[in-house]
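Chain nomenclature is as follows: A, B, C, D and E, assigned in order of appearance, with residue numbering initiated at 1 for each chain independently.
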């Protein structure tokens, strides 16, 4: 099998368009995952048993089933109930909701990992609940959350090809459409792999740097 | 390779890639695959001394790569004989022919009767499957790339039409008719035949190295056709045996 | 729904395929995780580099892309796997890369004191890993491996795109045959949830078994 | 003498383990108390109850003539509301074994912020006060250092200053030196010795440092199994303990002294 | 007397911090040494170098007439290979402040496994020996307990038994009681007192327990800033130290004794 630069030349323009869609979808999806995840985390930590339990199980239902099927669901089933989402919107909502179940755990762990002594010290200093959260817990919980949240951005970036299943023409789908009508697989698929590596390896490296930067200081 | 048919006879079965596209193919609840194309192939292969056909259901666009990668011994289900495809694979003589169709909203609001009509109205969007002949028809007749949304599978295409994500659904006539019958949606309308495109003819497809196998298949198929058995297989599915008898592979892909 | 029931045989088939695919790739991924994860501690540079290249490649690209590559491109070079095997390889190799990091960090999480105790008792390098570090790292790995198992199950759905007749693929067939959309998807979502809940339960079981009579490293040093 | 703390028939269990058994005790205003006793006897639990970090199962705790865990209403005593607890906590400050400084704030801000947030002190005034307190504990020049840049003893001294800044009537110290390297113990105990001179503030200290307890305390309480076994002036407890259990416990330490 | 350990002009730095400065010292066969000195003076570093947990920057360490960190070859001294270090480590055993028992093994297996793996002892023989050692440290009945089921003092005694099982000529103890609750200290020190009676084994102990050091040691080495400031018989060091630095350091502890 010969590598053909001609094919590369032909497929590249549509792949670059696709790459833009991929990047947009990852960023918007991640933003949604961060926001929804925060709410989900608050619900899961609720003192009201029923809220905490319900949100836990809803979140588990989402986490334990494939994103691909969820995307099909959002795209093909919701319109029957009058909710009409464009492929891109359905895609980023799917990504956002699916990964919010992961980011919510990041938030929760971040807060729970603040040592018990910090809660007790706040109590001993007579801080109220808001002051404890705002001035003691969150300032310590947030920095360690940043690296895992950044890592989920990278994960979501790698999951975007699933959006091809609901007709979003992102990087992978652009290549796939070309392959399907030209019966050339080597160059487009190799290029997709390369594009992913080119972006995700430096991104992973940057996330690692973040991790080092936000390594927790020894608690006092 | 030369020995393919021999090998198949020895093992007693052939693996066939089949797309999920009634009435070319039809998958029963227990996984058994019938439909016009597999039934023809079954009869032909029986004549060639291969008693069993194991169907492998794949996406429409995956049939050719599966053949090229030798994941299957042959592929059959509405795979039209097209020059571009003939560069990658080889075909048997035509087995199933049919007109093209569109599905549109009731009353055909954009008045779409041909691909040229779509090409002339840039507000109109259409859907067809990945790597399907209809995509090429459209592009050749002035439809621009942005107007075409690739569907993952035919029912998803109909869904998109129902939901107004596209205005035209294009596929083989019998396939479209079958889908509309299943969906039973009074808000949709069938346009058949689509004028200005040739009748599409499909054949069984083979890896391009398997000429000998293909030739043997052709011979057995010809016998089947002349015995009248062929008509008995395809006509219940709505295909016309006569239409198929009137064409040859060389009409589409000379020398394939 | 009755229409769906008619298709229960292929749904069952699809469920079996999904489970087979999950379990077989889990075994593969587990083996790779240990081999590659421990290779990172090798004193041979070439071994470490090879492990990192593997890791970055499979972690850095999308699983879907790896599957397509394995399914459509490798055969062009004469490497042809049957679809199920291609699926197992793709899922196993992909998850193995994440798993190797789990193994590595679990081994690293064993306290420095344990390394030093082993050295002070004059254990060889091999003995240190085999009898001190790995036994203590395994309980640490289990919960994360449990999560990866769920990821793996979900990954197998993607295998439907390379025409493996798994659960998701079967739902597509049913859609074509019945023109239903909600029901087939709903049914398989429930099946996926049940399978993954069984996997979660299984992980908890293993976790409990491993923590019995042992102590995790998180508690008081010693 | 005026009682500032009173335990009336207080019981407290953790699961099956009864840690306090019908405990009665009181502390007078300005008294310096050393709580001693074997591990697990419930010393920490007493301090934590006073700091409202643990609840009680039965009985009453009175601080400054007001119920800590209960509230007087028309229809009798009811469980205290968070608001009541908030008010009651104004009386009490605590220093922990593990310091529990806020790691994201430097030393002086650790002392300034609680004043601003809890007492609404003006930030400038709070800073002036924080500087005085840092001087008191001998750490003026470490004001801008973060906890992780300080030694254990220094961290503990900042923690003491932080608790003092809110001017509680009662100060609780829970083994404040036991997480420290032996050589750093004295710098913290010296600060406590200085504080002991302040006659207004009531202080309860749990400690294993018997020499320190002897110097520091007006009264020593010996605890065992959730009850007070013996109580009295340190000289008496350390030299002629009455109870065999006390003698037994002190043997381990007295060997060093005698 | 026969020298079993010798430091010849040894230096060691961590980054900019020079911890050992041209250190010369030796230990005779069977000697019981107590290393004392302020925090950060390099005591632990000396033990860790002997246990090959730290390398040295310059100088030589000799154990049992063989270079520890170097190897004699035709062309002179070269850095020791892992194989050489493995051989040399046979001479030395160490007990850590944090016990470092293997948490996944019960007490007796903690003692059996190293014998089997390192010395190739038959498992049955190793078990018999482990039982004897557990009896020596007073823990026969805890053989099947996992470390987390044992108190700190019990864990430390198992750790001592584990180190003894390999019969090293030299035993190193690094503040073996300082992670223990005060009440558990004695049970461990008592085991060490028993071991001190064994005249063959050379023992080096870093400790802050001056009373113990006085009883245990044949010789006390006072360290400060990576150098030996004073060395001699414990009675002399503790009662009439010559150096002001020694006196200063001991004041903190002697106050308790005198």
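Things worth noting here:
By our rule, a residue touches a chain if its C-beta (ideal position, glycine included) is under 8 Å from a C-beta of that chain, and two chains touch if they have at least 3 such contacts.
Computed from a prediction, not measured in an experiment: that's the story for all the values here.
Chains making contact with chain A as well as with chain D: none in this assembly.
Chains that touch both chain D and chain E: there are none.
Fewest steps needed to get from chain B to chain C, stepping only to touching chains, is 1. Looking at contacts between chains, the pair that accounts for the most C-beta pairs is A-C. Set against the Cα centre of chain D, the chain with the most distant centre is B. Remark: chain B and chain E have CA centroids separated by 83 Å (rounded to whole angstrom). Chain A and chain B have Cα centroids lying 39 Å from one another.
Averaged C-alpha coordinates give centres for chain C and chain E that are 45 Å from one another. Between chain C and chain D the centroid-to-centroid distance comes to 52 Å (mean Cα coordinates, whole Å).
Within chain D, no positions touching two or more other chains are listed.
Within chain B, the positions touching two or more other chains are listed as 65, 68, 152, 156, 159.
Among all residues of chain A, those that touch two or more other chains are 76, 165, 176, 179, 185.
Contacts between chains, counted with the stated touch criterion, involve the pairs A-B, A-C, A-D, B-C, C-E, D-E. For chain D in complex with chain A, the touching residues are 51-53, 86, 89-90, 92-94, 96, 98-104, 110, 113-114, 117-118, 146-148, 155, 159, 162-163, 166. Only residues 20-22, 26-27, 29-31, 56-59, 62, 65-66, 68-71, 152-156, 158-159, 179, 182-184 of chain B touch chain C when the two sit together in their complex. Only residues 111, 113-114, 116-117, 119-125, 127, 131-132, 135-136, 213-217, 219-222 of chain C touch chain E when the two sit together in their complex.
Of all residues in chain A, only 115, 117-118, 120-121, 123-128, 131, 135-136, 139-140, 216-220 touch chain D in the complex they form.
Of all residues in chain B, those touching chain A in their complex are 61, 64-65, 68, 84-85, 87-88, 130-131, 135-136, 149-152, 156, 159-160, 162-165.
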